[in-house]
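Per-chain residue numbering starts at 1, and chain names A, B, C, D, E and F are given in the order in which the chains are listed.
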């Protein structure tokens, strides 16, 4: 089974960290192909970055070979719906995967992301997935995405650990979801420290896509995820009439 | 990895069909232990059957050895929350598993169950999981649970196929969820016929529990799924004061 | 009119307190039959206790004579739906009764229960009844159910009173719902102290069931509360295939 | 116990029918005072009628003596919130009472009202009470309110009965709520014919107010239903500046 | 274009302030006719005041000449639905207008009103408009409506400014909605001070009604806002049967 | 006032039709700058087209001069949130504008779009804006976007008119929203034919943006629509590790 894990931003260190997580967790027969689209923003911090990254991700997938399933490794689930139209295999965003998993393990969960500006994006996603009522809060650790790149950065870990403990106390949740693909290498350590399930989207999405591919299930093609329609010959052009 | 697949009703043929599905789909290293609680109702058709079955299921688990993960193979997800309190490993109902999976594959899904009386139970579950808005309808094929026991029953298959086609047309959904553990052996054939993802809860729950166990994730024990409290010495008795 | 008031746990002192409340509040012509199922957990603290208690309650009702209406005296509304299938007369849980009543008296209400682990159960019930938006918060006094058994326990009363005052301040609610059948004897005293409507589920459920029986209304039998279906001859058995 | 039953419109025949229903159903010790405000619209068919009727109802209550509880006998629950501010005793609209009762008796209910224009008003009320998800549909029999005044009108009954049967079939509901105070005298006959619980708001509201008064519960006065504030000396006047 | 701006209470100073705001913001061709109904409460503080004011407003509109569009200048949107039935042109409440506008400018907004008793009214309106999820909180500055009449009252401004700053900090909102028609003259100053969009309902409603009239759009007359039905000859009268 | 009206697809005829509508409806002092991004898909039919179009739209805005307000003329509201981050003036999608306006004019509305595949996108948007409950249905006329380009195409008009009439009958709505920027030139004719408010997003968005700019309101910059963060020096690159 071949799973393409796409980091929609263009940070190589983050892509490598995501790849390492995916390879560590995947089944023996699974081939992980991690990649990131050149030209995409270095990190996805807000809607505008997301628009650009989604576009570059679709272009990258167009140029790549086939795969059995796809993981979109940005917690905002940037471009997931668009990608579902383009391919047949299952596509899972890491935000989506982590939130669904959290509801299978705990009565209530909280999400810890990097920056305050991402909160409404994640809240809106949780609502759209229907998981808003189970999610007691989305919180920001106030740490930039790129500051998470180094797995051994004890300062970054300690910022996240303290923020996480405060969040659990405030929300009364019994599970924590890590709200950024760049936090993936801190997940296990954090779970051990906090004594609750800490759900990392990257590893969860890899395992859930493995599951869906193993079930022989593919993206439905008779509704909103049908393949894109081809257009009539172009007449395009910039128009300031 | 050892996964206990519990059919909460006491039908041996249905338990065997569930077991066959689980063993066919599970990973190489996974040991499936299928069982059903003696004394439980022969089928779960409504709330009252569910109450009895959940009780017998908890008793059965109490007497059984340990497992890494648990599947509750009734689409009503009977007793899932109670079981989560009793064990450490992940517990997944087949209704829950199938509905979550359907939202990963399609924009909208419909559920086809056996009897009309199960519709409000399933609708309420979908709402509680937050998936009610993605579920365009819960419908009954008007076929009793026990009539599904025989995998080669062409009449049962044809009743389900026709009901499924009508449901998809009416709801405009792009995926179908099979709303009864007893339909598990019809899933693949139905998917091939209908040309859309047909999600069977039994196989999906097995793969998702494998995924969660593989991730090292366990049920949260600091909130609503904490282990049951022990009681002070019994003073119980029937009281018609 | 004969109303069976079932305390689903097996605590005799709590059953007696519930019975006293019911008899004090009921109309002249009403006969209260209070009972609790032997073998049930001594208190219902979480989902697992609830599963066992619901089972014992259904067994108890099966063996008892007829009644015109039923009250299930556990704030979790344990087994209410199952019981509705088994009988014709109206069935009301005390959680349900109290929450509905609170919305008739105040713009917003808060619930004070015993233990933190019960919060998600009660929140989920409130949502299922549709009353989640009117309920500004479910809070735990952190006092075990069995510590409430003594009506004259000034310490227990004072713990509850202080917790209640804090809850009302925090939530800005104009009514309080007592979230445990064992708090029933504290209701009036608490209402006098706090100066707001304090709704006790036991007394409210008794009066509402009296009202429904008086109206000649019975549980609907054409949908999800239809009488349980009889099964074909048993083939049950424990199965570890 | 003295219950004031206010028909907010000014139809005497409807007021008499409502009074008859209330007196038939109330407890022995209850005194029913039925009244309707002169100057109010003859029937309440839409928002504008409701605004006028609510005003006349508040004026009428101001001039009347005290009562222990109040029923507002218009299914739109016209002016209920305003009345709650003015009095201490419990106030219940018949729409509200009937909808809450229906959820205690059935998994799903439907509402049958008189005119199409009332549908969004009732739907919005159901949503505000949180009961929108349990209510499978609000339907109009297309019969004017005033055509319901005669209890023995077989034509009116037959129009309602046929509409009701169609509604139950379409919605798959197991209870029917009568969506107009003028239908009150048809309730029992309709329930007998249809074989399901038919909930009439007038009788239900009377019994629920009896229950709330019997419980010693009053309207909360510390929040949104606090007594109206007195104003500083008037400077009012029509102003077309 | 002629827009009637109705202050449903009878405060002349507030009507003049509203008028000034409307005239300052309206387009060159727009004629603003500000008015308030004599006999209405001096301020609208709660449901009961709202019932009376809505009635007086409808009477005032009945006696006034035609207009192309209507603004109801009370943040509770008192009587808006009733007025929509009476006229053809668009009708907009200032609460409604401000909340819709806020969602066009910011991810999340908070509302600051005068008195605590208005909070549930405004929360319920936000829910009915569907904007409850975007509204992170409704808060009271604890200042009576009539204390806002003087535009140059620095104390009133400073109370509001401090309350607003606290609200934004607590809710994490990026826009503020002024929850009282009497705050209209403080809007711009407050926006400048706080550095976020401060939405005033009066000016927003005027501009949105201008927009709707300019679009040639009128209130729909085939559903819930159809013109009121005429009644059969009156038989009304006060009835204490 | 300068309003940039961006058609996110690259169809020149559609851009011209949108421009004509915008210029016809705008105020005297308003300058309309209509444009479409070269390289964008010829039409936006689904998520994938939307991702590409949003990217091209952001690039186009980056290269264009300043404007006081922005209209995104695709009913899917493609890239609206991203654009809000990039500019200071108000940004409005035509879907959003039309849905908000419809709730100001009617109790319930329906949406008629072009293709079935767009239904879940529009339904999700309606939910996110909170307007899902007021929207009784999203329906497809089954006509491709590009077939709408010719204003005088009587066949296209007649397909839409018949679909619209059927939709209103089925949903019981009292307003219709045109669910595609390409339908803009049919709006008035359709409203005249159907006798209900027909809301066109293009003209409505232009008027609402005029209103917001006239009010001096800008996009909030302290939360989810803050200006994009600049990134550290690029290290990007395609990575198939």
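Just so we're on the same page, a residue touches a chain if its C-beta (ideal position, glycine included) is under 8 Å from a C-beta of that chain, and two chains touch if they have at least 3 such contacts.
A quick note: this is a predicted structure, and the numbers were derived from the prediction, not measured.
Interface residue usage between chain C and chain D, two copies of one sequence, is largely shared: over half of the residue numbers at the contact are used by both copies. Placing every chain at the mean of its C-alpha atoms, the farthest one from chain C is found to be F. Ranked by separation of Cα centres from chain E, the top chain is B.
Averaging C-alpha coordinates per chain places the centre of chain E 28 Å away from that of chain F. Averaged C-alpha coordinates put the centre of chain A at 51 Å from the centre of chain D.
Those residues of chain F in touch with two or more other chains are numbered 107-108, 116, 119-120, 127, 133, 172, 223-225. Of all possible chain pairs, the ones that touch are A-B, A-C, A-E, A-F, B-C, B-D, B-F, C-D, C-E, D-E, D-F, E-F.
Chain contact summary for the complex, chain A toward chain F: residues 10-13, 15-16, 19, 33-43, 45-52, 54-55, 58, 60, 64, 79, 81-86, 116-121, 124, 127-128, 144, 146, 223-226, 228-229, 231-232, 234-241.
Looking at the complex, you find that chain D touches chain B at residues 107-108, 133, 172. Within the complex formed with chain D, the residues of chain B that make contact are 116, 119-120, 127. Residue ranges on chain D touching chain C, taken from their complex, read 25, 27, 90, 92, 96, 100-101, 103-108, 129-134, 172-175, 188, 191, 195-197, 199, 203-204, 207-208, 210-212, 214-225.
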